[in-house]
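Each of the two complexes below includes chain A, the first together with chain B, the second together with chain C.
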Partner chain A sequence: MSEDAVKRLPLHIVTLADTKRILGIRYSDWLLGSPSIETGIAASSMAQDEWGHARLLYSMVKHFDLIAWELEYTRLADEWCSAPALDEPFADWAAFVAAVVVVDGALAVALESFGDQSFNPARSRIPKMLAEEEFHWQFGEAWFRRLADAGGEGAARLQAAARAMLPSTLGWLLPQDHLYEVIAGDLLVWRQDRVRARYEERVGELLGMVEIDLDHVIPMRGDWDPKRRRGSGAPGIEAVERARGDRNRSLMGKLE
Partner chain B sequence: MVQLATLRARHPGAWPAAGGGRDQWSAPKEAPPEDGAAAVRAVLCEVLDPELPISLVDLGLVYGVAFDRGAARIDLTFTATACPCMDFIKQDVRDRVSLEPWVRSVEIREVWHPPWTTSMITERGRKQLRGFGVSA
Partner chain C sequence: MTDPSPGALGESVYDVFARKKRGEPLRHVGYVDAPGDALAKVYAWKTYDEENWFEMCVVPRRAVLPVNRHDGPWGK
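Right, the complex of A and B next:
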């Protein structure tokens, strides 16, 4: 790995881990209030998976002499690198379903890209994450089809939620920054044309069911912050406090 | 069979974080075994998964065991990346292997490759699970 890549890869890892962590929080909001007991249990299980994946991703930074614990528990909300589509809680169940396909789908492609290349800790851990992600996909796909096929308000809300999430999610998945050029050049992730093609292959047909053509979605990168690899904004403070477990970690006394 | 009270007395700090099944642990072997790795694997057969009462070995979670001059190294995986019992399991492994007087140190390496699937459960494990009404 080149010196430049060694310097930059940790931020790519944190971008993935933070997004997993916040996605877990957003899924967990639906343990109660989802359409049925079964969907609540699925949301719980998916939240658990996301947090497990985040834990494995954060721990990869030790290979760069960084301390995972500091990244997980000491950063402020405006230092988090999570995908902008997760900054706010999902407004309704249709938004939850849209996020499973649009955002979790993008994360899965980003993981495929990273786990398929030359960084050994990613190669050894990501296959297990992707095996667990397969269940998220099956769940998201089934619900997406169900809402889209039903038409009416459900389909309209699904379409609106997916439309709202896609531009920033594409911008997050396909960052136009020097960091990505370096790590792709070092064969640590796929080149972006392959990432985009894989994402289209994964979500294109489903999005077509709600009349969204991915080719017409313009990636939104906003006021790109190179330190967080995302546009402006941040996950809500409440979500980050929950992700860090602030209130209850303090009961443990020693925070490590 | 070692009495539970004896184990509690020997390892007082470990108990709050422990999983179940410690009352099934056998007495430590006093003499050093000829094949240390095999002996470590044998004692791991007594460490049960906290959720399914079959051993970690039969569940297919022990990916490798090495033993060299008193130092045991165990490659351990988990059924899920967010398994809530990871700490319990590691504690049980450490405590059970450390009970053997010929073991000086225990290193647990968390491994994720190949990804664990139910195909890794041994035939004996499957039989035991069926006895509990669980198919795998």
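Right, the complex of A and C next:
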């Protein structure tokens, strides 16, 4: 791995890990309030998967002499690198379903890209993550089809949520920055045309059911923050405090 | 309040069968309510995850034909 890639790959890993951690928080909100007990259990289990994946991803930074817990517990909300589509809680079940397809789908493609290339910790850890993600996909696909086929308010809300999430998610998945050029050049991730084609293969047909053409979605990269590899905004402080477990960690003494 | 029954949500019962090891018989481990085959598989896998199953299957209860008893859950 080139010296430049050694310097830059950790931020790519943190981008994936932070997104998984916030996605886990957003999924966990729907243990209660989802349409059935089975659906709530699935949402809870998916949240658990996301946090397990986040933990494994954070731990990869030790290969670069970084300390995982500092990333996990000491950063402020506006230092997080999570996908902007997750900054706010999902407004309703249709938004949950849209996020499983649009955002979790993008994460899965990003993982495929990372796990298929030359960084050995990713090659060894990511296949199991993707096996677990397969159930997320089946869940998202089935619910997306169900809401889209039903028409009416459910389909309209699904379409609105997916439309709202797509531009920033494409910008997050396909960042036009030097970091990506470096790690793709070092064969640590797929080149972006392959990433985009895989994402289109994965979500294109479903989005077509609510009359969204991915070719017409313009990736949102405005106010790009190179330190966080995303546009402006941040997950709410409440979500980050829950993710870090601040309230209950403080029971064990003053946080350093 | 909308009708809360599984039927009103378009759901039906799927029975869940699993085995821990190759060669073991599949055993009935429970059931889920689901609106179709695809979600039944996901719900079953996520709900009955107490074991590291070697194999899991779901069967729509309506597909089960009782042979000698008609007073159990599969006879209704």
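As a working rule, the second predicted complex is superposed on the first by the 252 of 256 C-alpha atoms of A that agree within 3 Å, B and C clash if a C-alpha of one lies under 4 Å from a C-alpha of the other, contacts with A are read in each partner's own complex, and residues count from 1 in each chain.
Keep this in mind: a residue touches a chain if its C-beta (ideal position, glycine included) is under 8 Å from a C-beta of that chain, and two chains touch if they have at least 3 such contacts.
None of the values given here were measured: they were computed from a predicted structure.
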First, second, both or neither for A:41, with chain B first and chain C second: second
Which superposed partner A:199 touches (first chain B, second chain C, both, neither): neither
Touched partner set for A:125, first chain B, second chain C, both or neither: first
First, second, both or neither for A:52, with chain B first and chain C second: first
Contacts of A:144 with chain B and chain C, given as first, second, both or neither: neither
Footprint of chain B on chain A - complex, ascending: 48-49, 51-53, 55-56, 123-125, 127-129, 131-132
In the complex, chain A residues that touch chain C: 35-39, 41-42, 45-46, 135, 138-139, 141-143, 146
Sites on chain B touched by chain A in the complex: 80-84, 111-117
Contact footprint of chain A on chain C as seen in their complex: 6, 9, 11, 32-36, 38-39, 41-43, 45-47, 49
